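The letters A, B, C and D name the chains in turn, as written, and every chain counts its residues from 1.
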Amino acid sequence: MIPWFGTVAALAIAVGLYIGLLVAPTDFQQGEAYRIIFVHVPAAWMSMFLYVVMAVWAAVGLGLNARLSFMMTQAIAPTGAMFTFLALLTGAMWGKPTWGAWWVWDARLTSELILLFQYAGVMLLRTSIDDQRRADRASGVCALVGVVNIPIIYFSVQWWNTLHQGASVSMTAAPKMATVMLTGMLLMTFGFWMYSLAVILSRARCVILERESLQLWSKPSSVAEVAGVR
Amino acid sequence: MYWGSLSEFLEMGGYGLYVWTSFIITALCMVWEILALWRRRAAAIAESRGIVRDIG
Amino acid sequence: MLQAVSLSCRRGDRRLFSGVNVTVQPGTLLAVVGENGSGKTSFLRMLCNLLAPEEGAVLWHGVDIRRLKEQYYAQLTYIGHLNGIKDDLTATENLLLTAALTGDRPSEASVRDALEAVGLKHRIHHLPTRVLSQGQKRRVALARLWLSTHPLWLLDEPFTSLDQAATALVTERLRSHLQSGGLAVVVTHHEVALPSEMVQRLRLDG
Amino acid sequence: MSRPGLWETLRGIIWRDVLLAIRRRSDVAISVLFLVIVASLFPLGVGPEPAVLRTIAAGVLWVAALLACLLSLGRVFTADYLDGVLEQMLLIPQPLPVLVAGKVFAHWVVSGLPVVLLSPLLGLQFGLEGEALGMLVLSLLLGTPTLSMIGSIGAALVLGVRGSGLLVALLVLPLYVPVLIFGAGAVTSSMAGIGGEANLSLLGACLVLSVFFAPWATASALRIALE
């Protein structure tokens, strides 16, 4: 499964890059700098989407007391944090030439920054609790509580009339070019999505392995079973 | 193809620095994540094999 | 009647005990014994729903306590290995407040009687418990037993840091509780000096 | 055996914490003093220009109040956790979220309310007058209970965890941001003559939301912490 997702991700990103960098025409208002959106927007979408997915797994884990769901939350957090960081960084790269500033205290930027802190909080809370079960559940509650920030990020552009442009990338160019841009962006998003799936699933496998070895240390009786399986 | 020449492509209408930094850092982050995971996985497998050998 | 049905406990990655079946009838006491780290405290905390069992269930009169929740809490008096008293409040205040919260409504006179019953002299009733010794603090915590009107008592090492006189007093209080049809589960290293028909032992090991 | 009413139990919970705060007045005094000191540092750092001070007043005072609240969060559950009172609270025959709400209310009374009462004085220091001053007090009155509510979730999550003081700041501050924005916004917009009512109603909405959800989240966090 993981190699399959990986291959699809590589293909989609390759085609997306080809369209975004080579085929898509320039944007009349923003010039070539707009091409950053081909990584910026997918990264920002993934950062929010992954947080929601993480929170859903946390809710499932807390509700059904399922250890596997907590392993999924643990596997998602680093990738989500990485995309949040990338969204902020590419945003700054885009902001400097277009707004003339690396950073502005606009609602969307601020709330995305907060999202990064939330990812950090969830991960740090987990690592600072020694008891595995408590670490799982406490960071799960933490992830769930933070979900209130997602609609705030998503709607911030509409609620506060700020510098950051609207959600659907404002198409100042002719509609036909817009379609090309949109195709490129959606392909990139799809690629990032598949990439996340591959990375997260493989990290989840690592987590399972690590926890298994931890258990083996204290429970030698089951070594035979595990050895038999492997 | 939108671009006339390679240098034009690299320049990005004067925004080359910003555009390429964004793309390259994104790529680096992803590659780094994959590598880190790969090593983590190798370590996890090695450890669990080691335990199985030690105890079992 | 309190029942534990195939109760299993895992702390971290260690399995402490599994498949524990035990029934406590009214008028009897369950003495839980075992080495350090054998899961005695975890077992007691499962009985009062502070700790979720990995497998199995605890039943109060045949109903799962996770379903009863507050109705079940209204039946029990739990004294953990922590005293649960506030250092900045006096012994009297501590008992009055705790008892009021758990559903007993003692008068100040009955609180005074309870404190005297555990052998605390009247003049220290009105000192902040901060100035009391370990043993005296434990006595303040155990004085709740003289105020308790609840049928089920869950006690974690009640005799630690008590002297012989106080141990005898608490044992006597346990006897009168059982004689009036109460139930008790006591985690302890000490022998409980009660007639053998009242005491049932549960040994937890591995 | 009679089960006491919910109100009676709540009163008991609140009264115990208020009584403890009265016995340990220094704890309350410290967080109030902290607020005053933080607020007084700004004029020293920024310079005594009255026009500048008036423009930053709302933000500075709100941030100071927020930090004072953060500082006092350790007191909500930690002492009770260490002496076993928290364990007993989980076994009180009443719904835990309601008890938690009572406890958080007590925390607000001893740490949030003093901030609200002191704020007009600090506002005057920064040259706030009339309507803006009133708006500052009002916004703090509506906002600080929300801070206590949200903070209690963080405080419960990090109970007994190493490095909990810094961790709770990381967990809680992101969630404080909306309150800070609306609170300071109320004062700023009333100074600009737009009237702060819109921001006040948003603060009210935050309060209502947090009163509904925070005690529930805190209660589950406490159960997790005490397992």
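Assume a contact is a pair of C-beta atoms (placed from the backbone, for glycine too) under 8 Å apart; a residue touches a chain by one contact, two chains touch by 3 or more.
Keep in mind that this is a model prediction, so the values were computed, not measured.
**Student:** Which pair, C-D or A-B, has more C-beta contacts?
**Tutor:** A-B
**Student:** Which chain has the mean of its C-alpha atoms lying nearest to the mean of all protein C-alpha atoms shown?
**Tutor:** D
**Student:** How many Å are there between the centre of chain B and the centre of chain C, using C-alpha atoms for each centre?
**Tutor:** 58
**Student:** Quick one: report the Å distance separating chain C from chain D, using the average Cα coordinate of each chain.
**Tutor:** 36
**Student:** Whole-Å distance, chain A centre to chain B centre, using C-alpha means?
**Tutor:** 15
**Student:** With chain centres taken as the means of their Cα atoms, state the distance from chain A to chain D in Å.
**Tutor:** Chain centres of chain A and chain D, defined by C-alpha means, are spaced 32 Å apart.
**Student:** Show the residues in chain A shared as contacts by 2 or more other chains, in ascending order.
**Tutor:** Those would be 133, 217.
**Student:** Could you pull out the residues of chain D that touch at least 2 other chains?
**Tutor:** 227
**Student:** Where in chain B do residues touch at least two different other chains?
**Tutor:** none
**Student:** What does chain A use to touch chain D in their complex?
**Tutor:** Those residues of chain A that touch chain D are 62, 110-111, 114, 117-118, 120-121, 124-125, 128-129, 133-134, 137-138, 141-142, 144-146, 148-149, 152.
**Student:** If you look only at chain D, which of its residues touch chain C in the complex?
**Tutor:** 1-4, 8-9, 12-13, 15-16, 19-20, 23-24, 82-85, 87-95, 226-227
**Student:** Over in the complex, which chain C residues touch chain D? Could you list them?
**Tutor:** Those residues of chain C that touch chain D are 48-52, 70-71, 73-74, 76, 78, 80-89, 93, 97-98, 100-105, 128, 149-150.
**Student:** Which residues of chain D touch chain A in their complex?
**Tutor:** Within the complex, chain D contacts chain A at residues 153, 157-158, 161-164, 167, 170-171, 173-175, 177-178, 209, 217, 220-221, 224-225, 227.
**Student:** Looking at the complex, which residues from chain A come into contact with chain B?
**Tutor:** 17, 21-26, 31-33, 35-36, 39-40, 43, 78-79, 82, 85-86, 89-90, 93-94, 96-97, 195, 199, 202-203, 205-206, 209-210, 212-213, 216-217, 220, 223-224, 226-227, 230
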